[in-house]
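Lettered A, B, C and D in written order, each chain numbered from 1.
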């Protein structure tokens, strides 16, 4: 893809999975793209996430929209990013009577969401995963998987750069350049500080995309607009040892500590959910850590005595008004905000969503961007196979 | 109240990013294999230096009996005998560690290399004590 | 009050814990010939890691601090550092467990620096790419488990997290950047062990090079530093056994393996 | 890569390339290991012969001349000299090569060491001949 010197220039603020996928999408459509990230790429929520490639089953009952989105993106990602996933499928296990009673609704909802679910008997489940709690009642197999939380997004950055995008990590956006127009104000550039040199400079832009995840509110504030993003942290616990080949989920309505994702020689248990004000000040509450271990060991008893490798928190960027009582009530789906109706032209925010849907989020954002800039090129990211992550360092 | 502050700025020169020879010889943060590597180099160089010295000294033999016997009387001094003990240490360490490096270098007993090192060093220590006693008693 | 008895106690707190600690942090800007150390003081909790402390310093004391981090559980490999002269992943190194009132933090050595604690991994991947090793491996876990319907074969990510700690700890890389180094050689051994489409002969020829497996002097510092149990030194020795037995076999009239 | 503007000591570039030498270093290692093993055996014999066979060890000029009158001893000592010179110089060469000199400098080191090795062995032979001729 050759860069069009006359093409509009889009600056993306935020170097997480979403920003990387937006850069890739826009570069494929021939725009000039510059992405700035204050730290290392994927140093925000992206790198810290659970590493779960959702089949969508988790959302099938309560959030059909998210479930359909997930399974669609799950299929696309396997095709465009081979090698970035452990493709071992997932198992939803029912432990209590209530879990078992929930199974028919869960199974039917999966099928209705086009998720290829398969009923697994207790005996078969224990043969598949000998470390499961022997008290399980039944299970459902779905196409979950393990994502390398950093290296999958890195492939989007690598591909974007191959297609002409400029990726600038350690470059912090500190101000927006605003120009007064007849309709209000227009963002025409971003002031950044290169943290490796201390140099402050300005990058001119025809349009700025805010892909800040839970930091999106702070970035939008630079342009004087408000976006309803609620940082919703959750605690994750990684224990040494791999106790399952498949992703193990609790078969019940979504709750805390009900997913164990095997990854390399670790098992990662997550997660909890609360609401925070500032994604830069996340706590790791002791009771949440204890809950991860106890809930995880309800599914895989060996987790109770496993060595803890790390405990940490990651902040989801949930869409919703401040004041919602719990993170779980907010939709997991994403939204793209064009801030023109707020009186600010040339500024688009993409937020919400989750790691599995990063490409779809980028497609939605890029569609809005291209409509605004009158770029007719359609999205091509559904079929475009990504460069390996090592290409980023070439 | 929480203690939180920038204590000082720009206190001293920092190490270069490529460690260079410090990567061989800086003992900080070293583990067993690293120490063995350093000592293997030092003893190897030391023994090689001794070899050259020894060959030069042996040239006295070509100058006849009086030149050689004069040197031998100096070599019996306690200082020289201490030097001999250091030499024996160098030979023992380099030789015994060399057995480990050779075996490991051919992919043999790699997972037991640490135990092998310890065992060889115990043998070496005993041999060194025996040699030292011999040097100072027999002369 | 015993803060840790509070169920909501922040196990990774960086303030108000009553455990003050000093961090001597290496600082260097792009283009500088040499760096210096800055000292910061913060408070830490029992589970507070070196990475937590550095992020707190950047957030609250000095926004100019440049560091790499991503996953916080030692699976991405970005936050490798030299802490008190040892190569560690900052995200799984608890400050109080180091046992020193002052903690020295430097970037990993023997690699180009972007600034402060952040290294440029281009050289690291240049070594890796020479091998062309696979990213995925056949799963060797839970062999008594049966395979789920529809799953062709168990697979998992390679153990190596590409952190560069082994290159930082290696005495040979320290003085000669041309050495292929532990990580790439470990990848080579993996590639020969489980080729998955690669040509093992070509990989073996590549590492049987003056800058390949034979540069190693068996200090085993790489295996000591590895946070992910890859054992690069063991892999190098396995490669050497393959190369040497091939040579000896050809000397004895057999075909070179 | 655009983002590397920092100090870049000893960059290896974007692709690691093998040195391309045809002579594989496996043989170098094998010979160093074999010579090391031989040195270990011969140095033990050398020490025993020089310090334990004659009571109180070889001491004066006459002792040395008598020792070297045995042709088996001469052969053993000459072998020892050849092997220890080989092992020592190859080892020193390996240490020097770890400094990362240019390929030209490395070739020069190899040549100088080859000449040095031949010279040392020649000197040893001359010395042995001189001493034995006292007999």
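By our rule, a contact is a pair of C-beta atoms (placed from the backbone, for glycine too) under 8 Å apart; a residue touches a chain by one contact, two chains touch by 3 or more.
The shown structure was predicted, so the numbers you read here are calculated from the model rather than taken from an experiment.
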Core chain by centroid distance, with centroids computed from Cα atoms only: C
Comparison of C-D and B-C (more C-beta pairs in contact): B-C
Intercentroid distance (Cα basis), subunit C paired with subunit B, Å: 30
Between subunit D and subunit A, distance of the C-alpha-averaged centres to the nearest whole Å: 61
CA centroid of subunit C to CA centroid of subunit D, Å: 36
Separation of mean Cα positions, subunit B and subunit A [Å, integer]: 55
Sequence positions of subunit B contacting 2 or more other chains: 16-18, 21, 24, 105-106
Of all residues in subunit D, the ones touching two or more other chains: 1, 3, 5-7, 9-10, 14, 29, 98-99
Contacts with 2+ other chains: residues of subunit A: 196-197, 393-394
Subunit B partner contacts - residues on subunit C that touch it in the complex: 15-17, 20, 22, 24, 26-28, 34-43, 60-62, 82, 84-87, 106-107, 109-113, 119, 170-175, 177, 217-221, 223-224, 233-234, 237-242, 244
List of subunit A residues in touch with subunit C within their complex: 39-43, 46-48, 51, 83-84, 86-89, 91, 116, 118, 124, 127-131, 141, 143, 146, 148-151, 170, 172, 194-198, 236, 238, 242, 244-246, 262-266, 268, 280-281, 283-287, 289, 309-314, 388, 390, 393-394
Contacting residues of subunit C [partner subunit A, same complex]: 4, 6-13, 29-31, 47, 49, 59, 63-64, 66-76, 78, 91-92, 114-116, 118, 121-122, 124-126, 128-129, 134-136, 139, 141-142, 144-152, 154-159, 161, 228-229
List of subunit C residues in touch with subunit D within their complex: 28-33, 112-115, 120, 122-123, 126-127, 129-130, 172, 175-178, 180, 184, 206, 208-212, 214-215, 217, 240, 243-244, 246-248
Contact footprint of subunit C on subunit D as seen in their complex: 1, 3-19, 21, 24-30, 94, 97-100
